[in-house]
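One chain, chain A, links the two complexes that follow: it is found with chain B in the first and with chain C in the second.
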Partner chain A sequence: MSQPASLPLVESLLDAPLPISGIAWLDAARQENRAAFAASGLPDTRVEAWKYTALRALGQRRFARGDAAAASRAVDASTLKLPSADGPRLVFVNGVFRADLSALDALPAGLILQPLSQALLGDAEPLRFVLSRYYREAGDAFARINAASATDGVVLRVAAGVKISAPVQLVFVGAATDVELAWHLRNVIELGEGAELSLIEQHVSDTEPAQLATVVSDIELREGAQLHHTVLQNVAVATSLIRRSSVRLHARAHAVLHVLELGGALVRHDLRAELIGDGARFDTRGVFMPHGRQHIDTQLAIRHQALNTTSTSTWRGVANDRARGVFRGAIVVAPGADGSDASLSNKNLLLSPGAEIDTKPELEIYADEVKAAHGATVGQLDERSLFYLRSRGIPLAEARALLTAAFCRAVLDDLPNEALREHLSALLVAQLPA
Partner chain B sequence: MNSSMINESNASTVLRDNAEVAEALGRSYAAGFVTEIEMTGLPPGLDEETVRQISAIKQEPEWMTEWRLDAYRHWLTMPKPDWAKLNIEPIDYQAISYYAAPKEGPKSLDEVDPALLEAYEKLGIPLHERAALAGVAVDAVFDSVSVGTTFRKQLAEAGVLFCSMSEAIREYPEIVRKYLGSVVPTGDNFFAALNSAVFSDGSFVFIPKGVRCPMELSTYFRINAQNTGQFERTLIVAEEGSHVSYLEGCTAPKRDENQLHAAVVELVALEKAQIKYSTVQNWYPGDENGVGGIYNFVTKRGDCRGDDSKISWTQVETGSAITWKYPSVVLRGDRSVGEFYSVALTHHYQQADTGTKMIHLGKYTKSKIVAKGISAGRSSNSYRGLVKMEKGAEGARNYTQCDSLLIGKKCGAHTFPYMEVKNPTAIVEHEATTSKISDDQMFYCRSRGISEEDAVSMIVDGFCKQVFRELPMEFAVEAKKLLEVSLEGAVG
Partner chain C sequence: MSMLKIENLHARVEGKEILKGLNLSVNAGEVHAIMGPNGAGKSTLGNVLSGHDGYEVTAGSVTYNGIDLLALEPEARAAAGVFLAFQYPVEIPGVNNTYFLRAAFNAQRKARGEKEFDSMQFLKLVREKLKVMQISDELLHRAVNEGFSGGEKKRNEIFQMAVLEPQLAILDETDSGLDIDALKHVADGVNALRSPDRAFLMITHYQRLLDYVVPDFVHVLADGRIVESGDKSLALKLEEHGYAGLGEGAAA
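Our next item is the complex of A and B:
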């Protein structure tokens, strides 16, 4: 089912020596995942999870591992600035922690925010459960190579009952180097019982040369914890970015996720949520806007495993030029998860004859006291709305832009941080075809 | 029925429930009898020789034998599919007998073995009467050989060809050769390849240019002999401007071993032609413990080859231990229309993975999908569908609605729709819901003196109305009955 390991990409990723931490369980997990990656290589499109995302072209490329000069690469300070985000900040450049760009002074009480590389020097035991994982599924190639290779990332913990008022900013930067570079980051985020946090995750990169980045995040929300998570992915069109985020929600925990997928060459995000405690709630809002020859793939999988859990998902896609947008929204209601309420909507606009949208909402229901619904559409702007605007003297191009912007902005409507909302909206509008 | 459900009822209803349950469990599959007539057939096993023998028994021309052998050789190279959400015991293809036929070949309806006719009688299709009264021509397939064809003359006057596939291969080789395998190629999928190699019989319909078929055509399939897979092959060709409605119904007697049923149905609609294909599938579903039952792996596909043509599939699936079928339409002609209306009901340990594919190639093509799934007991019921808008599908339109109804806590209902859109002027819409029968609905019915079983069957009937409306009248009645019988013992 998979391509042979002789692909240039696989070879080049395996070329680098396995990092040694000196922690027995971690080194064993790295070894095991690396062996699995070497054995199975990259999934091809016959693997269901990769049906619409072919790795053929990417597989032919070679990326160098490790940027020795990452600590001194110049980064445009303006890319780190976000309105309303002047709290703690953690910045990584080419997969390496940058203390000089981060803001870790005066962290509020109850907040631990440090790079993984430092956390592993101390007591690594609390990270063992997450970092000793072995990835088994056929489509897990990038999670495997990430588990084998990542030496840095975010470790973020909020103590029980602590409410962090200022948003925490995580910035992942791909900076220009002489060679095409691959880098990997591993994030571990945990909110204690009743903790509250607002998190902004940014992905940016320089235009040249091409890069391949993998980012794997595990997010755990203990009982009653609340997370507001905003993701702004705006990397350069030469950067391929493969992410996996796994969110586990305990009883009455609530996560709200806003995602903007704007940049990248081949972008893939596996977003998995498990609602394992009664009354947990998971809300996602996202928009992907591939243009040019971009390929943006979002794989959302939500698993309801406890009583009275809720999930809502609203996703918009706009594909232009020769770009391709892929979306999968799978909802599973496990046996016994009575009182689950799940809804998902994915609406898409196709703006150009060369563009393509592939969408697959899925429901897998094993309990009967359940409300579950999904809807998906692919189409164009409403002719009547266009007519309405034009009849009021607005030129066609402008009317289109206006309606497309409104179509996308729907996902930002309930973002409470107003300054951030306006900023994201402006980015959306800027990406619209003129 | 299981003990946990009974435990959940309050004490006063337990006794009544138990009595009802016992009654429901005691009720046996109405079509589950075995007809004792002598069978001749090939011994179990499959190799090139088997394929040649089948072809020889059928007195087929050389090209047909070669066609089968090509399919067989291709089949050998194909991996067994494992992607559906199905729990399948591995099938031993060498343990199946690929040809079974009643020993004496009947020449007309009068010569048909009375035991056979009686069998139909028990199933509620008295061949003569039904044919005469209902105005339906029946090409009854008993295992592998067509045993009687009625109304041939009347159809012949209209120019309609309606006969068994083996007869068609002998009598109309040029038509068969032109269209057979043109919609479902021999190597299309594992089971289609197997069918192409060993198909024993099936129906052939040809409606010439401009003819409106004077009656609804119908075939009743029946699997009778033990350990025989049944591999029908149906081909319907509607020439320019013609019109036909075809009905297919299935019942199978009770068996303990799983039987394989891998049919292929091909529909070809030329310019302005219309084909309506309706199915009521009631193969033996296995008992309440999941023992026995038919494996129903069917490839059904229609090709709207001409402009302004239309193909409509309607199916009611209540039987089979495992159903795996996706009646599809390739919308090649401009402005052609594809429709799919489906009710799939699963109970006990049944598994159904069914849906449709609408492949839009032509301009301004339209498709509509309405799928209703009902799961009860410990069954699993999946809708799996694909809507594809290719680059040339200018202004194409699709609307899909999938609803699932869950009865009981141990069953599963799933929806896997795939949408692939490559044309910016096409519109695709999909909606799906999953729910159970609400307490409010039940309370409303119960407070009006309607029994629990009747209330459920009423609500289920309402849930399926959109699909039943599309069925020919007598089928609609049968379908409603079938759902009632199939759901017996599902509530308590």
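Our next item is the complex of A and C:
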């Protein structure tokens, strides 16, 4: 651990007063997590989970807490629009709920969708289990400061047996302010037994100034629930975004997650899934595509804890210029999780000599009759394919873009929402070097 | 003026000299067969002409329609009308065959300052060519060459040639690995494309393709040079006597 008090980032994040909710257990949890953050500060690269993501530079930055004018910041409406998403929408700007930008009228029966700030004004008890958590691991610094500081976020519940047809859109916006701002959001999502939901999560921000955002999400899928979750992370390159998503899957629950990580300065996503019910299934598909000096780190951790659980993970990384990508895919098949099936593939492409991708698949199996496969590669574009395309008249840059897009395509192929798939493909292609 | 004039061409690959002073002249409308034993430099010739950067030209020149072909990038050569049908067409997973072909077609038109085709126009063109080439349109919906049989890959090369309409088509052992039916299909495709404006360079190890695509000239390439040239009867002679004892005629 580095000396916490000496780090400007830690100092500045602790500078703001602790929010007071008047809910005893919540205020206690905030106090506890804040104290833990103050005591241990930021993890350094000796902490395994942060081995490839150094926080030295970020640790020297200062961010102001709280945007008093967040309720009136102008937001480019076009960034909120997504093809195929004209259903319910919840929008946050600089960590603050924006009713004027959200679409919460006429919610379908069985869907609760509201900002956390409102939910806490009512019966907070259902949130207690998730929000009273204390983060104890050495690498948990940002979860701690999030738990201490977040006063808003998404509360989304789908009642048992309810199938929500229109996709629900969650948009997290970083809007320009005079100062460099830090903000935090806390999301709680629960699908009841047999419920079905399609969810689109978007992260966007203005070009300047720099921001630091943390977003912590807990997602619970009760028996037989089905979630299609698509994440589009396209923040500006001055924004650092640190997310943690924890998914718990009960018996026969099924989550499919598609993730596109395109933007950001330092981006970190801890994605944790626990398959705690028999027959649960968790499928992830993701692309991270850093360029310039971007650093994008995905830490995927899946625990199979019940019989006949399945996980598939297909991830592609493409790094250009002097960018860095990090991927860790850790799968644990716990004792007793017999008959589990886990597969993980992470293929990576380096488009320039200065780019780097560190990938680390890990597999620990403590159960019987388990099927498991994992593999990771780092390579470059195939010269023979490039020449083939050029020999047909396709210029070098276009040929490289074509092959890179093809390399990533496996990740979006099984996205059922066609309009969204087209949109994401186009964003991918737009990110490719011209 | 000949369309293609190769003079004293020397080229090496991985430091090894393969072409050692090759001379060849091709006019529009002509079909030339380049034959020769393995290792003679046949495929090197095709790769050098299409601009593969693994091949280093150390001496000599290639003039195509009056311009220095060797100075052009591969994509510029394609736009100028040079086409190489690969001996081993590359599989490109994730890239749709039609998408690829339209990207190539439009890139060439753009490079020539012509208007690009929209997808409707292109589809119409493709349908016409499919008919001529007798190719199932199922191939179009697959990824480029992915999972194609050997015969399908070669027919896909000829199909691309039909769509791109090059002036100079180089066929690198397009007959290799084909059964007789596939060979006939490929040959029919090539014959359908013969025209007074177009020249073909057919690189082949065996005479049998020449039964179906009858060349105007046959050249024997051995040890990096053309050692003998003649009409189609030369191919028959080679079939009978093999490549042993070649070049004596040329040396005499």
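Throughout what follows, the second predicted complex is superposed on the first by the 431 of 434 C-alpha atoms of A that agree within 3 Å, B and C clash if a C-alpha of one lies under 4 Å from a C-alpha of the other, contacts with A are read in each partner's own complex, and residues count from 1 in each chain.
The definition used in the following text is that a residue touches a chain if its C-beta (ideal position, glycine included) is under 8 Å from a C-beta of that chain, and two chains touch if they have at least 3 such contacts.
None of these values were measured; they are calculated from a predicted model.
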Which of chain B and chain C A:112 touches, first, second, both or neither: neither
First (chain B), second (chain C), both or neither touched by A:364: first
First (chain B), second (chain C), both or neither touched by A:406: second
First, second, both or neither for A:426, with chain B first and chain C second: neither
Chain B versus chain C as contact partner of A:352, first or second or both or neither: first
Which superposed partner A:394 touches (first chain B, second chain C, both, neither): second
Partner chain in contact with A:71 - chain B first, chain C second, else both or neither: neither
Which of chain B and chain C A:385 touches, first, second, both or neither: second
Superposition-derived comparison: chain B or chain C, residues of chain A touched: B
Touched partner set for A:57, first chain B, second chain C, both or neither: neither
Set intersection of chain A contacts, chain C complex versus chain B complex: none
Contacting residues of chain A [partner chain B, same complex]: 48, 52, 335-336, 348, 350-353, 355-380
Chain A - residues contacting chain C, complex: 382, 384-385, 387-396, 398-399, 402-403, 405-407, 409-410
Chain A partner contacts - residues on chain B that touch it in the complex: 83, 389, 391, 404, 406-436
Chain C residues touching chain A - in the complex, by the definition given at the top: 50-53, 73-75, 77-79, 83-84, 86, 89-90, 92-95, 100-101, 103-105, 107-108, 111, 143, 160, 164
